[in-house]
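Each chain carries a letter (A, B, C, D and E) given by its place in the written order, and its residues are counted from 1.
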Amino acid sequence: MLRIKKLTKRFGDNVAVNAATLDVDKPCMIGIIGRSGAGKSTLLRMINRLTDASAGEILFQDRDVTQLKGRDKRAWQADCAMIFQQFNLVPRMDVVSNVLHGTLNRHSTLATMFNLFPMDEVHRAIDILDRLGIAEHAPKRAEALSGGQQQRVAIARALMQDPKIILADEPIASLDPMNAQVVMQALRRIHEEDGRTVVANLHTLDTARRYCDRVVGMRDGRIVFDGLPEQLTTGVAREIYGADASFSEEATSTEIDTLDATQKALMEAEATI
Amino acid sequence: MLRIKKLTKRFGDNVAVNAATLDVDKPCMIGIIGRSGAGKSTLLRMINRLTDASAGEILFQDRDVTQLKGRDKRAWQADCAMIFQQFNLVPRMDVVSNVLHGTLNRHSTLATMFNLFPMDEVHRAIDILDRLGIAEHAPKRAEALSGGQQQRVAIARALMQDPKIILADEPIASLDPMNAQVVMQALRRIHEEDGRTVVANLHTLDTARRYCDRVVGMRDGRIVFDGLPEQLTTGVAREIYGADASFSEEATSTEIDTLDATQKALMEAEATI
Amino acid sequence: DEISEFRIGILGGENAQDRLNNNECLREYTEKALGVETKLFAPADYDGVIQGLLGGTIDMAWLGASGYAKTYLSDPEAVEPVLVKVNTDGGYGYYSIGFARKDSGITSLDDMKGKTFGFGDPNSTSGYLIPSIEIPAATGATMESGDYFGDVKFTGGHEQTIVAVNNGDVDGGVTWADGLGDWEDGFQSGALRRAVDAGLVDMNDMVMIWQSEPIPEGPVVIRKSLPTEVKAKMTKLWDNLSEKDRECFYGVAAGEAKSFDPITHDAYEIIIEARKLKSN
Amino acid sequence: MTDLSAGTPGVDQIKADYSEMTRRKRVYGGILLIVFVALMAAGFRTADDRNAGSFVDGWHRIFDYPTEVLSEAWEKIGALPENLVTFFPALVETLNIAAASTLIGTIAGTFLALMSTRGMAMWPALIPLFRRIADICRAIPEIVIALVLIFVLGGGPVPAMIAIAIHTAGALGKLFSEVNENASLKPVEGLHSVGANWSQRMYLGVIPQVGPNYVSYALLRFEINIRASAILGFVGAGGLGYELRNSMSWGQGRYDQAAAIFLLLFVTIVVVDQLSGLLRDRLTHGFEKGARA
Amino acid sequence: MSTFATDLSIDELKAEADRLFSRKRLVNFGMPALMLAYLAYVFFAFDVAGLAGRANWENGKTLVADSYSYKTHVARDNRNGEVSVSIEGERKGTYPDGQAPDWVALGATTVIDLEDGHVVRFGPETVEYDIPGYGTVRATPTRSAGVQPELPAGEVPDWINVSKNRMAITTDAGRLTVTRNRSEVFRYFTGWELFWFTLDSPYYGKSPSQLAGLAASGEAGSILNDFWTNKMWRHQDVAWAIFETILMAFLGTLGAGMIALSMAFLATRNFNPLKSVRFLTRRVFDFVRGVDALIWTVVLARAFGPGPLTGALAILVTDTGTFGKIFSEALENVDQKQIEGVQSTGANAPQRYRFGMIPQVTPVLLSQLLYFLESNTRSATVIGAITGGGIGLLLTQAIITQKDWEEVAYYIILIILMVMLMDWFSGWLRRRLIQGETSPKRKRAKVAQAV
């Protein structure tokens, strides 16, 4: 289905993604982990074609996505929804309108200029919102919603695209643990119920372990691990994160139940000082 | 020394402090506890004359403080230092200047305009900062310091006033556990070493128990408890906090070692949602 | 060639709305005579009307002599003079009057040496052009600040000059008067008379320090490119106004006068020369 | 804020409501657009009608006047340096009017702002009074005050300076009080608690917070005031505007002077604009850096 | 950021603090000193001291007094003996022949009662003025011998100004001037006389309740008409003038907004990759902004003549520069995240702008536009004063001709009200159109920054 071959991205001298190769042959939920700057975002952005690759190929159903231009490229983007850490909604527009943006690719420019979306799509948007449990916020402005709700609007926008793949770039990084859980569960449910492939950048191991079928580890632009969640031992994690022996996995945790209290408190103390 | 008689403060229909009576006859460290809205802040602000009382008296060495006006009132404020939850420093000014503000009452406006603080006061300010362990930050801007350091600057400013009483309104509420400990210890030390009376609003029982000689409990503007820390049983605490049997003392704790992990995490989750 | 509207410009010197009101009857007559919509415009200063005539947005106006000269020098093909106001005594001249405060002790131009002198509007004949030529001839020095006078200023207009002198803001200034009647009244007509009537100055407090040669009254001009027939109609209308409607004539002529009589460009050659002289 | 709230309306209801809202929005939007277009068109027609010349007849003549001025100025290009020197003192006067009035207006505006901000005002009861004073100072165009003052004080730079200072005080008073509203009252309260008097609280607690913004606004005002002082010259307040009006009004024969004065004025405005832009940038930028540190 | 030890000892810290404080003191003394020095320089450069001496406070008093009072002229033409009574000495305020207010008794000898014992008599030959506490002043104006005053014995007080041909007496009760041709009495009253109706209107002098009664009986239209066409105060013209002023501001501002918006894209990095075009557009903005609206008025007056259109176009040209600058900055500062979000769904360029950018910049643009609407009302007043028309022209002319200060006061009040109204209106519209502002204060501050 999705095959990434020696995909590389250079920013000047800096190689953000270095000959990444990945093969996804059936719909599954993939978590990409790695520390900051490892190239996770760049990889996803290349798949969505928000960023052009420097070298390599991305094949989707045997078509090279990296070569697409203009209309074809936009059609691919419509097939491959993206969810961002900062939600990237239009805060001043209402929730339904934001969700409807997922259909932009299907409509003529003129109709969209005047915000004229067909009514049945409006209804479908509300259905999707309902599925994500936020239908009652439909007429509100996006900016009036909490972070977790906004992220669900973003997911709704993605679903509105009716995409073949959903890419999620640290979808829960700016959310608190409770909202994070809601959002991750929504993504998982979408994968399970609709059978869509979900690729999510995650910055915590336990989230990856808990929700993903497959985990990919990146370090310095390279894919250094690709396997089942169970294979992700502390040793492997240390390698991915390039940490020394003092590395404690929980330091990255945001799961509600697995917190080690003292550890957490100390961490926070550090953060606020 | 300090005698408060039937002190009352009304905000419209709302009685924030209701006939509070308190007698402090020798320097000690008093903790005032009570849930949000109980009237703790209002009480301290009335003592410092930041807020005018509606009725009642505050006698300090047999002089009625509530009747003071203009210069006398400011002189009393100089005698009665206040420490705030949010530090209330001048963020864009350097630390020494902030500490020197403690002497403003002694200087003319004109002198302060031209920064004509006597040099020995500048040196005393640095000595005080040194005593609180933050002398090396003296030339930095206050805003460049961490919360705990800023609160210590605030304490230094209070000490600079050479006050008879120090009032502290939830001095550690916006600090993380580590800094909270440093600040409370500093206050305790000041009380012990200088023999000054310290009155501190606290929002956690265990802090009050640990650092205070005497604990006052407020509820709905009334003083409902006044006794030794040891007398503060869970039953009494429940009454002060108006909580039912599900009340768990630790829910209010900020002490590093007594945290119940799940409880805390949930609380935080709630707070951020 | 047809015109779709006719626009008459009115010079400053009086309240804008008063000017419009005084000329309202003229507007109505014009509308009747030409059969097109007629509008009055009263820009703030002399230049406003002149620019309108040059740009073809104003068709007819009663200019000062210097103003006409400016129009002519900018574009000789823009307008032609057709009529001039004739005074009750049959002449068509007035004077530039130099004056000062009595208590300043100034009684003549000689006393003005080293003092501050005030002109009016740069485009005024009596308030600038003529005195700026005749006074240097009398004093034998230029009008540059610091040469004969200590300082030479433009106050902006006749009214401002009078106030400036009265206030001691300038020591002496020039404005216009018809030279008839008494000094105490501020003459029969002119800027001084208006100020007296308004209770603004008491002429007992003022002295005259200088008077110019007679200045030709400014012409009523009409745009050359208008259809001949329109020009003829309008000329006739103004020409006959004094007989046709005395009240209206009084308003348009801004006071008592005999009538508007025909005049040609030649009468202003001398002013044009004077103005050329002042352009560096 | 959770979604668990009971009694949520059914999805169908939401759909109906939302469709209704969308329709209403479209109708309102359409009406608004029509009203706006109609207003613009009607306004333009009225203005065109009440103007001496019409837009259609005049637009091809817009370069007549500049051409006339520039061609004469070009002919007499040799006189330019001399003209520039001649009118330089007038430029200095204009700049002085602007600078002095900005300075005085800033001081007065600071006072007005402190007096009309909740939590800072010395007499809280008088806040509305000081607000209205600022509003009125701001609402009167400078030219009105200047003309009245010229009547009393005579022509020259002082009436202009006073007029601009009054307007500046009003304008800055409003802007400053908005800045003040964003300032934290915590330091003020802190200073209050040590027994500082009002002026000490303002000087130490408020001014350091708002200072950079104040300076930035004052600089902006300085730019505006240079123009204002040049304009007031047109009505007799001296400076470059006075010279410019005299030479423009005389017209042909002195257009070289007009061009020289205009050049001086324009260059000054652009230079001050750029400099103050740079300075303001630095101020706000430096401010942010300070906050981050 | 935690407290790591530095190698500075306490004494070194103190020395450092000493230096810090001396530096601060230098600044604290230096800044005010500089300001004072500059103000002192300006004081001398502008000759403020001399000005204070020259200032004519009498004028100030006249102005203030006149702005809330009016005078009635009783004038006798000494050549033909006719007496006329007029308000403010204006033709349109003249009482019809044979009529006069009740303090003037017309007749062979006209008796004018100025109250408090002050009485002026215009006799066939002689003018008499009884001044309580001084005596009676007589003057006989003749063509040949001038004005012959007869004053009570003693020194002539300074409120009497006599010369051969003229006598002027100014008292608190009024003013008398006698010249050879004319004798005239001014009596001052408080109020804005004839504000509602002129003397020739049948409604002059009627009380509000009388007027209400008449209005009820079907004369409302004619009452309104008489008020509207009042020749003295010209309410109709004033209303038109105000309208013209607002019209100039409205057309100029919104026209500039539309032009600037389309041009701003040219000056923006994210929409126009051509550096040269960007540079050029920006310089055009700078130029039209730098040349003030007033200069544009003068330039455009040649092409369009006097009138509101010229004023509107002048505002339009200047503000195109200002808006161009502000808008292009707003466009450059858009939050890229939103655009990216829309882009990731496969939206094309126009759609990205429509949804990613327009919602972001609209509030900024709109609030700028509305803010300028108010400030341009003021500019339009000034521009009108120079050439355009409108209330500005009325005002400056009234000030320059310096007689009707009550009209000046009227216009000033109207202008202030107009500007405040526009301020309120634009604020109201801003709140309505940009509803749900997350932080109104921050936005307002931003707006202000641009002005």
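One rule holds for everything that comes next: a contact is a pair of C-beta atoms (placed from the backbone, for glycine too) under 8 Å apart; a residue touches a chain by one contact, two chains touch by 3 or more.
Not measured: the values here are computed from a predicted model.
Asks: Tell me which chain's centre, taken as the mean of its C-alpha atoms, is farthest from subunit A.
Replies: Taking each chain's C-alpha mean as its centre, the farthest from subunit A is C.
Asks: What is the identifier of the chain with the smallest separation between its Cα mean and the overall Cα mean?
Replies: So the chain sitting closest to the middle is D.
Asks: Superimpose the Cα trace of subunit A on the Cα trace of subunit B, which carries the same sequence, then give the rotation angle to the nearest 5°.
Replies: When the C-alpha atoms are superposed, subunit A turns by 175 degrees onto subunit B.
Asks: Measuring from the mean C-alpha position of subunit A to the mean C-alpha position of subunit E, what distance in angstrom results?
Replies: 61
Asks: With chain centres defined as C-alpha means, what is the inter-centre distance between subunit D and subunit E in Å?
Replies: About 17 Å separates the centre of subunit D from that of subunit E.
Asks: Compute the distance, rounded to whole Å, between the mean C-alpha positions of subunit B and subunit E.
Replies: Taking the average C-alpha coordinate of subunit B and of subunit E, the gap between them is 55 Å.
Asks: Between subunit B and subunit C, what's the gap in Å when you average each chain's C-alpha atoms?
Replies: 81
Asks: Which residue numbers or ranges of subunit B touch two or more of the other chains?
Replies: 97, 113, 146, 273 - these are the residues of subunit B that touch more than one other chain.
Asks: Which subunit D residues touch at least two other chains?
Replies: Each of 1, 51-53, 58, 61, 64-65, 151, 154, 156, 235, 248 in subunit D touches at least two other chains.
Asks: Provide the list of subunit E residues touching at least two other chains, using ranges where the numbers run on.
Replies: Only 1-2, 54, 56, 59, 298, 301-307, 385-386, 396, 400, 402 qualify.
Asks: Touching subunit D in the complex: which residues of subunit E?
Replies: Against subunit D, the touching part of subunit E is residues 35, 38-39, 42, 45-48, 51, 54-57, 59-60, 63, 244, 247-248, 250-251, 254-255, 286, 290-292, 294-295, 298-310, 312-313, 378, 381-382, 385-386, 389, 392, 395-396, 399-400, 402, 408, 412, 415-416, 419-420, 423, 441-442, 444-445, 448-449, 451.
Asks: Give every residue of subunit B touching subunit E within the complex, in rising order.
Replies: 94, 96-97, 113-117, 119, 122-123, 125-127, 130, 133-139, 146, 149
Asks: Residues of subunit D touching subunit E in their complex?
Replies: 39-40, 43-44, 46-48, 50-55, 58-59, 61-62, 64-66, 93, 96, 99-100, 103-104, 135-136, 138-144, 147-148, 151-154, 156-158, 161, 175, 178-179, 181-182, 213, 216-217, 220, 227, 230-231, 234-235, 248, 262, 266, 269-270, 273
Asks: Please give the residue numbers of subunit D that touch subunit B in the complex, ascending.
Replies: By the definition above, subunit D touches subunit B via 1-2, 184, 186-187, 189-197, 199-200, 203-205, 208-209, 211, 290-291, 293.
Asks: Which subunit C residues qualify as touching subunit E in the complex?
Replies: Touching subunit E: residues 7, 9, 12, 14-17, 20-21, 41-44, 48, 51-52, 54-55, 57-58, 156-157, 159-160, 163, 166-169, 181-185, 194, 197-200, 202-205 of subunit C.
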